[in-house]
Every structure is written in structure tokens, then in C-alpha cells.
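Next up, some structures in C-alpha cells.
There are two complexes below, and they share chain A, which is joined by chain B in the first and by chain C in the second.
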Partner chain A sequence: MTTIWKEPDGEKFALGSIEEQAHWQKEYQRILRAVREEADATRPAERIGRDSHTVGMALPRNDALYKVRGKARYAANIPMEGALFCRFARSTEAHARIRGIDISEAKAMPGVRAILTADDIPADQLLIGTLTDDTPVLAKDHVRYSGEPIVAIAAETEEAAEAACLAVEIDYEPLPMILTPEEALAPGAVQLDPDGNVIGDLKLENGDIEAGLRAADVVVEGSFVTEPVDHCFLEPPSGLAFVDPDGVLTVMVCTQYPHYHHKQIARVAGLPMEKVRVVQTVVGGAFGGKMDNTVECAIALLVLKTGRPVRMLYTREEVFTATTKRHAMKIRQKIGATKDGRFTALDVEYLADGGAYRSYSLVVGGRCVIHTGMPYRFPNSRVHYVATFTNYPPSGAMRSFGVVKVAFALESLIDELAGRLGMSPFEIRRINGLVDGDKTSTGQVIHDVGLLKTLEAIEPIYQERRKALAAQPDDGLKRGLGIACLGYGIGYSGIRNPSTARMRVTADGVVTACCGTPDIGTGSDMSLAQIAAQSSGVGLHRVRVVSGDSTKTDDSGPTSASRTTYFSGNAAYICGQDFKRQFEEAVARARGVTAAQVRIEDDRIVIGNERLSFEDACRLISAEIEDICGYGKFDPEIEASILTFKGNPYPTYVYATHLVEVAVDAELGRVDVLRCWAAHDAGTIVNPTGAEGQVDGGVAMGIGQALWEKVERRDGVILNPHYRDYLMAGAKDVPLEIKSIFIQNHDRTGPFGAKGLAEVSLIPIPAAIASALHDAVGIRPKRLPMSTEYLLGLINERARAAAPAAKAAAGDGHD
Partner chain B sequence: MTIEISLQVNGVSHKFAVSPTETLVDLLRRRLGLTGTNKDCGMGICGACTVMLDGLPVSSCILLASQADGAAVTTIEAIERDGRLSPVQEAFLRHGASQCGYCTPGFIITASALLAENPHPSRDEIVEALKGNLCRCTGYKRIVEAVESVARQGGPT
Partner chain C sequence: MTDCRFTRAASLGEAVDCLQQAGGEAHLLAGGIALGILMNEKLLEPSWLIDLSRLEDLKGIRLNPDGSLRIGAMTTHREIERSAEIAGAYPMLIEMAREIACGRIKNRGTIGGNICLADPQGDPPVAMIALRATLRAVGPSGPRDIAATAFFTDLYTTALTKDELLHEIQVPAQADHTGAAFGKFSARRAMDYSSTVSAAVRLVRDAVSGRISDIGIGIGGAGLIPIWAQATEAALRDNRPDGDALAAMREALMEEIEPIGDDLYSADYKRHVASVILRRTLERAYARAAAVGGADKP
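Up next, the complex of A and B:
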């Protein structure tokens, strides 16, 4: 193995010379100061100018400095002398046996340096996966979706690798395809996996469903259909692998979970874990789509094969055709309620298309099952979730793990029920909404429940808009309002998922906080720095967060499930306290006073009547400053049965109520979302700039998913693998009037009372839009996306149904 | 076959021998190491690769290097001046208009070109100008607000 190059210490930005770095840090601090001075104008007097007390302040993120300058090191932007470029030859069949692979022509092509097939990987190292090792790094003799990688080629240029891939000859024996879960479950269906066609069959029962339905005065039911969606992170999967000067196989990659890849690559390459390092690069968006293996294993193996650095960047078409998608799902649901609006029963069945391999289908299933009925009291419920394999790309994790669809079905039916009972959408939710001390369907007793406060925040706005709409002059458009709520568990479902943090300080006073969960573009590094600073008492300006590096941070799980603020934030909080104690003790020893006489207070060290600057204190304790190592581990007790889901699956929950206002052109079926108000109980908000940014982005994604976004599939092929045909919202398509309201509902278990937010702002949007459409034009959409054709169909159907009735009414005077 | 072209990039004149299929984005990234210009769709739709060509924003992924012969190209690397962020860059930073940041250089180029042309655009004009740039993270609101804040101050210079 040749030694190549070493990435400068965990740096995610191309910083330039030392002078330049110092200069730009000063520039950032100048801007930060200006923003803080503006913010101080509205802060309580005791907090003004306090450098360590920044939790709750809207601050510009430090990484944005490099992003606006074009210096962010996405994997494709990392310079590397002599790197080869990798490409996959992918299956053109959705389901087939591979009879033979002929690489002779490809091998002879100019610039080709190595070709990798499954035969190069020992059989017991070939399979990888997130929960189950079921996915081959390269398909061996069986392909399960069109786009599945079969051959990896490393060549001198991207073009040479591409040309060589086209020259690979693969001899297929086509097999019957499974295109829907129904086909997968049909008797005699061809079996896609050695364990059959079912990925998961999950059930949760609570109370007595039959009795609950009998007790109901009204029952509403409906069947809902949702289509697969792509994450559309703008940065395609990308990575760079090389051997560093210490002989460590280093893989730099855009990922939500570097420690996962670390284990997988070590296993696939047959190397001890200490010989592999995975460094997360700056991530250009993820949304759940950067949790599975894409480029990682192939480039790592090709480095070992060629002795040269290897890089890879997917094309946009590859992103659409060969990365995970949100599950297509069918939902059948029934709700019972009494005349006075109390829910008595909830009966739900999910049938999910899991695609070719397991990926996160079980996690999505578990979350859907537990969240069915959230955030309401249902004394009796029955939930059944089945996911099957099909011959499409694997369905995986995506922002909310399926709960957006759970909410779409549930909130739509609640809206219908409210209408049937003549109740307002607020009243029915107030009657049934969870409050402190209630039990969820898993039997968990919950606390710090801010749901009703979010309803309260939205209701006056709703009333006011109602009046405004009534006064609106007729412009041919129909306007409507819709609300939807959510309750969402933070962290993994039902299994422990600890986070840790470590803090150290250099003799010149720079504090480094190593946190395991990476920043995937949400600004979590900034929030963690704020928490670590406030907890330890040091100034925010001296805290540097290092995250997402398998050698520098502990495995703290992925940045997913909205868990970073809460889990890693708590770890950073505990760690900050530990650091503070150790630092104070060291100062006390150096001064010969008791530890109780020393404290770090707002970036200064107070010893009796004396005050030292932090730098002076560091000099004072320089002999033992290296011994200081703050450590924090947050590992709340979480327990739920994997069979019945009973127990306490999450340490805390986030709640929200969203309101949207739409305008519908009933002739064209065109919908414009004009305004949105999003009230969240996400606990204390650590950085409002970051939090509002998450909400804005979630709302925009929710609108896209509600109205346009759909991966079009036919006969095993994805028909729209480009932005041209896959309609993602642009600046003209989404409202700029998105108002975030944060109910600052202090969570007793969160760091400074914080919970988390990233996924949830998307969840209620499709349901709220569907209800607003009912309000505007009287239709009840049950499909996502609610395409123009679909909506026009519903509008026309309703007009036809109304026409004879109107005629009859006009004819004989009866109603 | 190669084509000789001359190109001014960020104020510096260059001569290149390019292949007929070489795109401008590849030339900037590979030959000049100007990786601030990101690449995503390669089809002229997402705007991640936007650069200024003689002052106008263009998608550098669908422009052949040979088509740019004789032009002046400005990339994100040349937007900052004398060690200070440009007003547009500073506004993006302050307003939280950059999250994952992959789209950010493209938006900053587009916004800077707009403001050079029209220092006080209305909100509608801003949205119209930005419609060719996609962003998955921010929902556009803070991007538009950032550009508006500069428009209120009076242009990008």
C-alpha cells in the first residue's frame, strides 16, 4: 500500500493559509458580534453581552462562512493528486439471474486501472446492510432492481470509467418481476429473498377494538395511497478514499452516520477497524437518504486494489434510479367516535413497498406503528403493518420515517369526523389531544406535552383568516384553511441509542468538543457548541465542535430521527458540566484554595474576589491542562418490546399544529399554498435561526410531497430520473409567508429544555393541505401526491354527484 | 480534436486547449481547482453550477467551454472583496440562507448578477430571478429575505 496524503485534522473547509484562517475567523466573530448586539436589544438584562449564555439566541452558523465563500469541502471538492474515478456498471434488468459478466473489453480500454466484481469479494464479506446484512456490495448472480451495481470500475478519468462501464457485457436470464406488495404476497409469487417476500409484519394492539367500534356513534373510514418520493438532496452521494501516511484506509464521504460505514468497510475489506477511518465531509443535504451504503465500500475496495486514491460522485440520474426512496404505501383506516366527539377506536392497516432490499423498512414500520393515533387518546386501537420486497430500488429512511403518511391518513379522517359531528377541527383535537400524564398506545406515560398549546397558538390565527377569507373579493379562486397536528418521538424507536461528547482545552484556550453525531447541513454543530459553551461557562467563540469522524468521536448513532439536539445536546450538556468541574478543580489546586471557591462564570474564572481571564487561567494550570477531559454520555432508559411495541419507545416527544391557506382554481385543478403557520412544541429552541430554517425547509418539502413529488415507475423502471420530470418545489412554488411559532415548552429531560425539530415540520403539511382543499372545494383527497389530474377528477366527480341532487331539489322542492 | 480558447476567469486571462465536449463547469473545477462551483444535475435545471458569464448568470454544466471562448467568467471565489464578504454573502450568512450550502454559491451568483443589474428589485423580481436555482433545505424564504435585505441597502457593491 502506498502512502498518499493526509487530510488536515478533521477540517471540513478549505481554509487557506494560517493568516487567511485567522483573518476569516475574525470576520466571522465581527459579524457574530454585530448579530448579538442586535439581539441583545431584546434580551433580558441579565443575559446581555454574556458570551457563554447563547442558548436561545438566533446566531449565524460558523460553517456558513465557508459555504457562502465557496470553500465547503463536499467530498467532490477535496483536491487529491492522482485520484482515480469510480463508476458502476448497473443492472438494466429489474429481476434476473446473472449468467455471466464479460469485462474483457472494458479491461482493455484506455485509462482503466481496476475492475471489481462480486467475485473479488469473499462470500462472507459481500453482504452489507443497516439492520440486516442482505445487500451485496456488488450483485453476484441475482439482481433485484434495475440500477443495482454489478461492476465497479476505477479509471483515470470520469469519462474513461463511464465508457468502460458501457463496455461491460452482462448476460441476464430475466425472471418474473414483483412490482407491488400485492404481487409479492400472492400465492405462488416468485420469492425475491432467501427468507421470502415479507420484510416485516408488525402489530400493535391496545384495548378492545371491536368493543371500541361498537361504542362508536360515528365511524369514518378511508383508503389512502401514497407514492414513492426521492430525497432530492442537492449533493449526489460522493466520496474519496485513500491510504493515509499511517497506513489507515481513509474514506471521506457525505453521510449521516460515519461510524456505520466504518464497521461495514472494515468487514467488507477484511481489515481491523483501527485500519479504517471514516470522515464525514460537509454534507450537501441528506434527509434520511445518506444512511445506506452507496459509494463507500466500492471506493474503499478499489483503493486496496489499485494502491491509489479513488473518488466517486453519483450522477443525478443514479440518485433517482439507484438510491433509497420513501416507501409507497397503502393505508386502510377506520376511526370511531361518540356523538360528543370522543375517540373510541382506531383500526389501521399499512401495506408498504419495501423495494429490493431491507434498508430501513423495519424502522419505518416500527415508527408508523407506534405513531398511529399520535398525538391523541385512542382507548382501543389495532395496527397492522406489512412491508414486502419488490423489484424497485430499496425503500429506506426519509424525513419522518413514514409518519408523514400516518398523519395524512389520520388527520384527514379526523377532519372528516369533525365535519360529520358538526365540530370545529380545533374542538375535536382538544377533546382527544394528549396531555401531561396521558398514556400512549404503547402504554407510555408522557410528560411536558405541549400539543394543546400549539392548538391554542394557531386557533386565533385561523379565526382571523376565516374572517379575512369571507371578506375576500371574488377572483374566481376558491380559498380554504386546513389544520393538522403531530406528535413525534425523538430518537430510535424502542432501543437505546446513547450519544457521547468529550471536551478538552489547549494551553492557549481553545475548547474542542468532540460529538459523535455529524452535522448534515442542519446546523447541529452550532447548536451543540452553544449548549457546550453554556453548560461549561466558557465563551461560545472559543468552542470548536468536531463531529462525524470515526477516529475522533465515539459512535453516537446517526444524525437521524431528530435526535441530535436532544441526545448529543444532552451529552454535550453533561460533558460541559464535567469539564467545568475538572477545570475549576485544576485552578483550585494551582491556587491552593478549595474547589468550591472557584467557578467559571461567563468565560472568566472567579476565585473569591479575583477574576481571571480564561486564557490566564489556562496558563495558570498549564502543567495539568492536558489532563482535563470532560466526558458526557446520555443514555436514557428506553424500552419497548419488538413484538408488541409495549413500553417506553422514546424519551420524549415533539408536538405541533400547522395551519395552511390554499387557493384552488377549480377549473384547472391548480392549487397554490398561500400561507403557512407552524406552531411547534420542540422544547427550548437552541438557535432560532437554525430552527426556523428547518421549519421553512420542512414546509416546502411537505408542499412538494403533497402536490407534485412522485417517482414514476413502470415495469421495474423509473421513468422520471431527472429534476425536469420529477417536480421539486422552486422559489415560485412555495409561500414565503411561513410563520414559525415556538411554544417554548421546557422539556424536563432535554438540554436546557430542548427536544428536537428537524423532521417534524414536514409531517402535518400534506394532511393540512388536504383538509384545506376540503374546506375550499369540498373534496377529500386520499392520494399523495394530490396531482392536478387527481384533484380535477375529484372536483368533477363531486360536481356530477351534486348535479342530479340540485336538479331534483329544483324540480320537486324537496331537499 | 481540441479547440484553443481564451477565457478570463475571475480577472485572470487563461488559454486552454479544450475538447469539443468539455463543459465549463468541468474546466473550472478540474483545471483551475475552482470547486466552489458545485455540480448536481448536469442538465441546466438545478442551478448549483451557476457562474457569471460576462455578468449574466448561466448554468456552467450545459455550457461547453468552447462556447465561452473570449468571455469573462466570475465564480463564487471572486465574489468576496479584499478579505471581506460581499453584502450578498454577508446577508446569506446573517439570515441563515445557507443550510447544507450545496446550492449556496449558485444562489449567490444569481443574486449578485440580479443586484448588479437592478440594485433595488422587488420581492417578485427577486423570486423571478431565483426561480432557476433549486434548494432542498431552506424552502427559499430566508434566501429571498437575504437578497431583499441587500436590495434595501442599495446593491451589491
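Up next, the complex of A and C:
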């Protein structure tokens, strides 16, 4: 008897099935209202979802109910009869030549069904990657980091696979390790990659930096150091692969980019594209960490080798030791300004630790270069970015692609500069902040710039808190306020990255919108449904968004770079218009009237004075309903080479100003973030509920990265591969008051004026905290994380420096 | 994976019998939090688990008429945190329990398991040292009382023999004019168990002179074991907690603790933190002693 393996029934989650959740939504709305004590500006709860005009309405996410009920289908929970379990035998050396691999003992162990090494994969199919195919699916003769997969074993149980991995004997010839970019660049250093040790060396110059520095009345400079950070998605990489009844190798996996894996798997497995399908499962957090190959290729190959389904789930230790990290980076930066606060020069050098393989290092580099100086005018600037290989896990994409560090350095120095000039942190930013019609460092003329509006939104709150703090009774803690801003480009940097959408309708009135970018837990399926509904005029309740299936949608790039609402939203918008036109024409034909006489309006069809329900209209055109296929493609012209950095790298930009309030225990260096206000120009907000969730999450993540998060590394080994010693912010560390302020700055190119949000709410937080620390205790932290011990050191240093000055009755030592 | 025998002990006697039979090869299972972690990380593969969850003898909190307190080894952190008896008589223990981890761990973790684990970061051990509690063990030859100050002998090692288990914790009645407080440092507010430093202080304040006539101090996270800071106690005894006495306290403390530098903090920083936390906790305990006066309990 043969088992037929197919995708289990059921949806990823309740895609677009608003009605099913109506009761719960009412409750949810009530809670939201009660909590915020907001007047009910939205429509009555029972109407929610039946409207087509829902862009801007605070709607509960369509996945939330399934998640809280434990019904969401994560890859590791998908039942599959007869599935084998895969594990990797990983390198225990950070840098070595592999002399030999002995799998004989492992092969003989109970439950072991297949063992895969690099020798089983044709040489020209072995390497995969993102921009460059440089990473072996399994290491061949050379390992470049401790934790690199060498052997993949499929066994009947996880325990059997694990035991067999331990039985694999690998004979290593250790090679000298490269542990820092400085070592990588040293003359005579051992070369890690066939192309040398440099991953990228990027430069951008504008104006005349020396002249700019000469023109400055004040120059401030600093060296900043940041540590590697883990994404801390709660769901580790996991997947399940099998061959379906049609002979299609199906891989169900938690990912940000199913189409990427589709292509990679086809190539690595030597299969035609149509014999592969990648289905995204519910993603338990990604943050840029689920865009590289982890489990995908190995389980696919093992399915082909065994003829059985294969599943894999990383342990937390594997997540820490063998998935991509945020780049450790050193930043040297200098800015100059005139007495009246005008910026004259910006000089920055970045040195980034790219880890063992390229992953998204170049993308991070390109984005950091372009965003250096954002969101301000610097007439003269010089940026130099170098990323090198080291013998640590690859550094890759992570929320903001490095810009959080760019902002930490720049915003900290701007705060210092304002202090030196005796200027308010708002004033200096107002003088230099980008406005409509300004040119960015790549020469792009920008539009719909809401930066100053975000500053305006924050300033009165700042003044009010200033007064409140002055009146605060002494409790031994020192309180401070700090602000930081950001400007961030939406989408890929300088490379075209179109999104598409398709809309169809069934005879019983269910509208399906196939969108190319998957929902990775941000609620984007909900936002896309809102846009598609409003654009086409159909009720939101009937729109099901299908995303994350590489055979049902077009490759529209990954869900990353804050691009889904803008790119896929625009595609959904265009598609909705196309669908509406086709539908109206079909109704017109059926009725023998002209198309101009027919309109879809708020889920009804208006024909002259007559009104038809959407269902009736579908019945009316049932003969040709299958021919209706709305199509939308959004492909803005963008171009900026990574060599010259000239041109328009992004179609639009978002802006924000954050304000944080901290309390410092100056005797211990301990910091609490008490309050946070986040004013964002993200264009029109499609779903405020989702947007607020993004901001809350970004702030929490920012606090963790500012104060505690650090992947501790020594001699090629990661020392804290578990949450016990890797501290991220927990619920008690996040301020009770995080106030999102959306300034609703309509973007002329966005779907209903929307731009995007996701990554950016993280970016200003570390810089804002650093500025608040200066306000509270007069220090200028230049390291991330700002550990209590580091901060205490700065506080003590300042006290020592101030002591003689105080004796001399000089100023207060604040800079 | 090796097979593991599992016994759900029905009586204290059965548990002790099993321990004896196993000859040191069994592990007692209380809340299972520490054991579970060790087993998950494959640092421990027990051959015999003896579950204590059914032993009524090991449960419960009782405030005796003489003012002394009895806490069964299987009492959870949450039960302590919520106990009205303890809140009235020993508020320091409420402070201690509140500071432990998070709800899930408080609901499951037991004070007995915590004390017998003898983790140097543990909070209950230092509280019991400061309170001069007695830990009652039971073995083949019956009960045996061990002073909390003598219980922690080495890293993760206690004075229990391999066929003994912890039955209950007895906290003596507190003298008049006693104040006690618990203080803890952690960089992160949400559950931080890697690099915390804690101090427990119990003191009796002479109503007339304001001097400290009796004092108990336990320090956590500052060495291989929960530390009984005897010399630090001596530096404060018969003194008011100010100027010279605080300087002497600090000096004595620096001699007594031996924090280990780790990836988060250097040993020097932990020393500094321990002295700050101790001083603050002492000040709180002293203020409380003044507030309670003679008739009330701490």
C-alpha cells in the first residue's frame, strides 16, 4: 500500500474571513475603545468588514483569532504520516579544511533512513545564496564557521537523527581563524573566500568634504561600536517537504520569500520549475531572518532521496549559532555645522563584520551608504563602507538592514552638536531636515516628506514632559528625555522590484486576491484585502487574500524592506481597478447597457437607478465570470547602482520622530524606559490596528537592542546560544505607554496614499535612548548594547572629569 | 536515550526508601523546572525520578502560635507570594517571592526545589540565611535539622546526604523591633536569572540607642554558593547603619564575596552592585524595624 502525501486540508489561517470573526471583532473593538477611551470615530462594529471603504479603519487582524486559539498552522505542527526527521551534523570548527567524513557508524544506527553530504550534490548545484551563490548547501572541503552544516541525516525520529549526527566522524585540519574585519583586512591574512576577504567596499561622495569641514564652526565626532544581534523570532526555522500526488516536490516552510526557495530548490535538486512548489506556513516572526536558505534545500533533497516526507525544526541553539545575524559594526563619524546650526559636512566610515558568507551583506551595505545622513541635508559628505568575511555565522538582513546603527551614530552626534551650539534638538533638526523638493545624497528629488510634521507632533509633548519632570519629586532616579528621527526608503535599494496581484471571483461571490508578497505576521494580508476591496468596490468580507504560495502567485519579491503595503498594495490597487472595470463590463454586456452605466459601489452594483447585490450580479454574469481576472503590476522606475549611488534608489521614503523618557539609577547604571511617543509619516495608515502593533513591536525590539542584546562571541564560538544569557526586552521592560502618532501624510504614489511602516519603528529607539541618557546623567554612550556596566563606567568617568571642574566652579560639564 | 524509572512517592517513607535503594542514583522531582532544563539540555539523564508531588507532608504554610513559620518543601513560589500568613509576619519573603522569574515559574517552582538546587543566584537561600531558618531533612534514620547558614556547602551542593530529602523550612519567630528586607539587581526587569545579585537582610534595632543588636545577611549571585555574610554582619552589629559602619560593612563584604565575572558583567561590577544593593536593603530593613516598634512583627 502506498501512502499519498498531500497538503493537509485547512487554511494557513482565516484568510479574509472577516465574517467568521465578527463576534470576536465586536468584543475587540469594545476593548480597544475602552482602553483608549477614544470616541467611536469608526463605523458601528456590526458593519465592519461589510464595507468596501475600509482603508484607514482599525480592523482586527484576520489571523489573530486563529493564533490565540492555537489553530494557526506552523510548519512544525503540520501532521504528516510517515514523515522523517532531519538534522544537521554541524561543524565544530570555525575554520578548517575537511579531510574526511566518516558516516559508516551513523548509517548503521537504528532509524536512520538517509544521509546526505556535499558529495551527493552535483558541484554546479551545490552553491546557493541571495545576490551571489556562494554558500554550500552542505560544506564540501572547507568550513567557514562553527555551526555550518556538513551532513544532513533523515531518520524516523528526531532523537535517532540527532544520535546519528553525533556518530558522524569529521576529520578537520584547523586553519587560522579570522575573527574581526580588522584581521580580515590585515596584510597576509588567510583568505576565506575565493574572491578574497572583502565582501563589499562601497563609496559615496558629494560636494567637497574638506571644504565642508573648514566651513564648520563646530565639528563633533565619535567612534561607535555595535554588537551582533539575533532576530529572536520565537518560531525557529522549520519546514516539511513531500512529493504530492502530481509529483510536485512541495516544501511547506516559514519564510519571507517562497519564490526564492522555489528557485533555489529547483536548481539544487535539478528539477524543472513546475515540479517544485513552496508554500509558506504561518510565520512566527521573521525580521529579516527568514530570507536565506536554512532547512529548505536539505529537506527537499532528502525527500527525493528517501521518497518519504521529511521535516526539520531548528533548536534554539541552532538559531543562535547557525542563522544570520545583524552585522557587528564599527562606525567612525564626523559632522560639522555652522554657528547658526546649518550642517556643512558629514564624514563616515563603516567597518562591518559580514560573517562567513555573503547573504545580504551587500544589501545592508548599500542601504547604509544611501541612508547615511538621512533625513537631513548635508551639502558635503563622504561615506565609505567596508564589509569583510569572518569565521562567524553569516551576517544578513535584519529589520532596517543596518540603518538602526546608522541612525544611532548620526542622531547621537546631532544631539551632541545641538548641545554644543546651545540649540534645541528640535531646532537643529528643523533647520536641516529634508523637505519636499530636496535632493538626497543620491541626487533623488523627494516628494511628500513628512519629517517636519513628525517633529511638530512630538515637540509639544516634549515640552509638557519637560515641565512634568521638573516637578517630579526626587526618588533617587535621574530622568531624561531624548528624541531621534529617521528617513527610510521603501523597497529594494536601487533595483527594480515589482509586485503583482490577480483578482478573480466565483459564481457565489467570493473574491480571491492573489498577492505576491506573503504575510509574515505583520497583518499584511489584511491590509492588502482592504486595499483590493476599496479599489474594486467589493465588500472587504468577501475578499480572500492568497499569498505565500509560489505556484499561486507571481514572484513579487520578499516581504522585507517595509515594501509590502506600498509595492503589493499598489499592485492590489491597480488590480482592483482592473477587476472593477472587467466586472462592470461583464454586467453591462449581460444587461445590454453601456459600461459607463454600471458601477460597483460599496459592494453593490448600480445600473442606472437599479441596485443589485454583488451575489445577484455574479449570478447574472455567471456564464463569463471565470473570464474575469483583474491584474495589477506595480513596477516603479528606480535605479541607483551600488557603484555610483546616483539616481532614484527608492520610489518613496517614510519619516519619523521618536521621543523616549528614561529613568536612570546612576549608582548602578541601570535604565528603565518609561514612556515612548512615536510620530510616523507612513503615508495613509491602511489599518491602524496593524500599524500600532508594528510600532509597539519596533519599540520593544529597539529597547532590547539598545540595552541588552548581544551575541557573545569568542574564538569562533557563540557563547550565549539561548535566551537565558541572551537578554531581549520582556513584557515588563516595555513602557506601559507607547503612543503611536500617525500624521497621515498622503503619498501621491502610494495605494490610497500609503507608504509603509514595519521596520522603521525600531530605528530611532537606540539613538533616542542614548540622547535621553545624556539628558538624564550627561553621558554620551557610543556602544550598543548600552549595558549597565558600560553606562556606569561612563557615569563615573564623567563624575571624575567634572570633579576638578566643579572645584574650579566652572560650568556643569554637560556638553 | 536511557530508560528512566519513575516513582510517584505515596509517602515520605516511600520516598526515603527509594532514595536509599537507589544509592545516590535517583533524583527527586519537585516542580521539575531545574531538572527539566538539565534533561532538555542533556546535561542530566536520570535513571530514576522520584516524584514528590503527592506528599501532603511536604506541602503547606503554617504560622505557629509562637510566631514561628513552617513552609513545606513543596510549597510553590506563588503560594508564598500570595500567603496572607506570610504577608503579615514575614513581608520580606513576599518581596523575595515577587522577584522570582515570572508567573509560569512561580506557579510551578517550589521553595524546596529551589533551596536544594543551591543555585548561587537563587533568592530563597539567601532569605533563609538572613532569617536564620532551619532546614529539616528526613532520611533513613529520621529527621535531621540543618541550619540554613550551614546548608550550602559548594557549587550546587548542599549538606543533604544522598538518602535525605528536604521536608520543611522552619523560620524562627522574629524578635521585637525586627525589620527585614529583600533587594535584587537585574539589568532587565522581565525575568533575568543569569546575572542577578541579591541581598537579604534581617535586623533587630535597639529601640533606645538605634543600634543594630542582631543581624542576618545573605548575599546571592556573588560567589559559588548563596553566601552567609558573617563578617559583614559583625561589622554592623552594635552599630547604627551610618558613616563608619557602612564603610566597614562594605569592606567586610568585599572580603566575603567572590563574584565570578561572566559575559554580561565583570566581577568588579558585581562587587559594586552587591555593595549598593546591600546598603539599600539594609536601609529599608532598618526603616522597617523603626516602623514596627515593639508590639508588631516585622
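Methods note: the second predicted complex is superposed on the first by the 763 of 815 C-alpha atoms of A that agree within 3 Å, B and C clash if a C-alpha of one lies under 4 Å from a C-alpha of the other, contacts with A are read in each partner's own complex, and residues count from 1 in each chain.
Quick note on the criterion: a contact is a pair of C-beta atoms (placed from the backbone, for glycine too) under 8 Å apart; a residue touches a chain by one contact, two chains touch by 3 or more.
Just so we're clear, the structure is a prediction, and the values are computed from it rather than from any experiment.
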| item | value |
| --- | --- |
| First, second, both or neither for A:692, with chain B first and chain C second | first |
| Touched partner set for A:70, first chain B, second chain C, both or neither | first |
| First, second, both or neither for A:672, with chain B first and chain C second | second |
| Which of chain B and chain C A:235 touches, first, second, both or neither | first |
| First, second, both or neither for A:316, with chain B first and chain C second | first |
| Partner chain(s) touched by A:427 [first = chain B, second = chain C, both, neither] | neither |
| Which of chain B and chain C A:182 touches, first, second, both or neither | neither |
| Chain B versus chain C as contact partner of A:712, first or second or both or neither | second |
| Touching partner for A:283 - first (chain B), second (chain C), both, neither | first |
| Common interface positions of chain A, toward chain B and toward chain C | 724, 729-732 |
| Complex interface listing, chain A residues touching chain C | 159, 667-668, 670, 672, 707-708, 712, 719-720, 724-725, 727, 729-733, 787-789, 792 |
| Of chain B, residues touching chain A in the complex | 29, 33-43, 45-46, 48, 75-77, 79-80, 83-85, 89-90, 92-96, 98-105, 108, 123, 127-128, 130-145 |
| Residues of chain C that touch chain A when the two form their complex | 1, 185, 187-194, 263-266, 269, 272-273, 276 |
| Residues of chain A defined as touching chain B within the complex | 14, 23-24, 27, 31, 35, 58, 60-61, 63-72, 74, 76-77, 79, 231-236, 282-287, 313, 315-316, 520-523, 689-690, 692-693, 696-701, 722-724, 728-732, 734, 736, 738 |
